[in-house]
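You will see chain A twice below: alongside chain B first, and alongside chain C after that.
Our next item is the complex of A and B:
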């Protein structure tokens, strides 16, 4: 227990340190936040344009769909705040051999590599996504249901953990590939699977197996679909249970893979 | 959405390209032939450098197909939901074809790290190597970029060929030779507009130390206003006309609609001339900013 408390304390210190660094360049921070606002604006413009010509996408009416978009935006914001920068830097640590210094520290390597820097520039995305979700809920006339909110919060956390596990798997590959400078881009490509409702895979002969693959084998489709679905669509207990199981399995598997990768690390330079 | 490109490569190339002999210093050769040989050597060295890390590149190319799959499925769902076969003049097959073709446009027009590289050269003072060597910065960067693009396109032919083969049902075969020629011209122009536009943005670094934030805003906006997310025709009236008057449409939208045969006759000629105009405009802008900027440049660093 004290071990866990120690890691929370460490996380707090790291957060304070990175916040201090970020606030040293305040205008840069503001510009970065405005880029994110701009991006959300573009997403909204895109879907407004699309919904001007259709009533629903794969069975998701406009308000429900915007809840989905908000959920994706918030969850992705969380991932980018905590993990994206850190994982992105991992390849460079491997290439230069600076990883040695991190491995020498008396704490868990995965913890240090995953949480070293917290990127506060994308933290407001969580809030923006939440606002979009709230607006969508109000516009669809949603009735408050504590069970749904509870399930949403739990599956949202699971979604974040699943996405993190996939990112850790991708990151670990850079031990062997040495140059993995496009992780940021690869993450964008891979997470594009989570960006749309799972239902778009249905009804197409070649896509249905893909949909099942990314739901049950590489469950990236669960990430946003399950929390958003639990909140505004039918609450499917089977799917929620599966999400919980998948989260546990992926967290375990990605940790094993990461440790396996570290064993293959051969330092660099002198 | 841009191809993985080299981040920080110190161009040692100018030294090698212009060195004439180890012992006897001779004045460098002059004339158009010597000049083109110089830039050809830059091209070759950059090509070799680009092919060094292939594993990274292959994984990236493989993953690049995923968004296309989901995009196709999304638009299919949109067309089913709308209950109509035609959205702003685009049928479902044309829509998918359009979105696939914008990837080809971006293969030519995206310029990863160009503007940020120029700004870094200015900030860190490494720009002075272009001033003391008989080489023009924009010319050097252009040869370097052409080499990277050539390598990128050459290595992408197999995966993209497979993709377009798999998606051949979305196309009505190849267009006629005249359209193909216009398409090739529009792609070359999209490269030039993209290159000189980003070079101009990079030159802003003479006045502001930090241009990466500006660049982020430009790139984010560009993703939408160049038509990579949807054809500009789908936007409501004032916007579609406005965006088609801007140079950004030439980076993705224009080549794609040329291929699909949506722009014909005088419209096509006007479009190509428009692209040429913007390419020349940004060429002159980049050159102008460079010349004015050099007067402010103070060559920091050792």
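Our next item is the complex of A and C:
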């Protein structure tokens, strides 16, 4: 317990120092936040246009769909705030050998590498996503249901953990590849898959196996679908249980793989 | 008690051999050729608590690779090591709390923040009590004379100042073992001496064990009584610094200044003339023949001044390296 408390305290400190650093470059920060706001605006305008012509997309009516979009935006924001920069920088740490100093610290390597820098530029996305979800709930006349909220929170955390695990797996490859520009592209592919309802793969013969692949084998489609579905659609206990199991398995596997990768670290010459 | 025990430590790298030109690069895509390089080859030694030992060798000899294995950054291909009673590459937290590695070519401080912020983060990572931390920090900043610089962004510091901050960061958690890889590289003489002095004082105060690599013989002479010499991955000498002089310094240099105003032509008869400049010259003579040669010169010529000295340590070390290489090639 004291160990957990220590790591939470450390996370707080890392956040404080990175915020200090970010504020030293204030205009950069402001531009980034504006870009994110603009991006969400475009996304909303686009879906409003689509829903002006149709009642639902893959069985998701407008308000439900906006809840889904908000959920994706918040989750993606969370991942980008905590992990994207860190994972992206890992390849650079390997290439330059600066990883050395992180490995020398008396602290879990995975923790330090995953949370080293917190990217406050994307942190407002979490809030924007939450606001979008709240507005969607109000507009659909949603009634408060503690079970659904509880399941939503748990599966939202699972979704974040699944996304993080995939990212850690991709990141670990840098140890062997040294230059790992594919990471950003893979992440883009990942988030493109996660941002649409699972139902878009249904009803099209060639797409159905793909939908199953990305649900049960590489469970990217669970990330946003399960929390959003649990909140505004049918609460499917089987799917929730599968998500929990997949999360545990992926967290374990990605950690093992990361540790295996560190064993192969060669530490660039000084 | 042994702080470091290395037994048959070996590290082999497979290095990709890139072919020349575009065709070669394309061929490399499907068929890669690797070369096996033994960076460290069966190195064994032991270092006791409180010792200050220098690790010498030419570039690429395997010094840094050995240090990295001892600090647990990389896994050896073969052999074993115990450092502070731990197997370093298991990277136990208890092990990592007790030692520090300083690398002159890399920096661990946050570039855009003042060093003081990095120190604070360090305190939190090592869970150091605030009072102890402040005491050590005050002591170290005073020792290095950088009290006024800790609030300045690291990127605005000079190389020498930054190195001092790096050293402070490494010592904050009061390590029992300090590994230093080229700690004075690129520094001017003043900063070099300041770092040496700090290390010496710190060693005297805390009795910390140190193993350092350096290209500057001044560092070694100022700090270490024992040296390990490594060339091409193999340990070729382990003993006192003075032993190198005895073993490899078989000649001495006689610096002569002639009253006649010019160097006599027959000087070459007494030894090898290695320098000639106006009325003065350096004469290299076998250790055993110094008295005889000097007597003969003084008999024949009017000498205004004379100094007998060992050849520079750098030259002797170079000979140790060459000898190591020759025996390696012969084998």
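Simple rule for what comes next: the second predicted complex is superposed on the first by the 268 of 270 C-alpha atoms of A that agree within 3 Å, B and C clash if a C-alpha of one lies under 4 Å from a C-alpha of the other, contacts with A are read in each partner's own complex, and residues count from 1 in each chain.
Heads up, the rule we're going with is that contacts are C-beta pairs under 8 Å (C-beta built on N, C-alpha and C of every residue); 3 or more make two chains touch, one makes a residue touch a chain.
Since we're looking at a predicted model, the values are computed, not measured.
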Could you tell me if A:100 is touching chain B, chain C, both of them or neither one (first, second, both, neither)? second
Once the structures are superposed on A, label A:9 by its partner contacts, choosing first (chain B), second (chain C), both or neither. second
Touching A:259, do we find chain B (first), chain C (second), both, or neither? neither
Contacts for A:46 in the overlay, against chain B (first) and chain C (second): which applies, first, second, both or neither? first
After superposition on the shared chain, which partner residues are touched by A:185: those of chain B (first), chain C (second), both, or neither? first
Quick check on my understanding: which residues of chain A belong to both its chain B contact set and its chain C contact set? none
Contact footprint of chain C on chain A as seen in their complex: 6, 9-10, 13-14, 17, 20-21, 24, 96-98, 100-101, 103-107, 109, 112, 263, 265-267, 269-270
Interface with chain A, chain C side, in the complex: residues 13, 64, 68, 71-75, 91, 93-94, 96-97, 100-101, 103-106, 108, 110, 112-113, 117, 120-121, 124-127, 181-182
Under the touch definition given earlier, write down the residues of chain A that touch chain B in their complex. 28, 31-32, 34-35, 38-39, 42, 45-46, 49-50, 52-58, 173, 176-182, 185-186, 188-190, 192-193, 195-196, 199-201, 204, 207, 210
Enumerate the contact residues on chain B facing chain A in the complex. 1-2, 4, 7, 53, 55-56, 59-60, 63-64, 66-67, 69-70, 73-74, 76-84, 87-88, 210, 213-214, 216-217, 220-221, 223-224, 229-230, 234-236
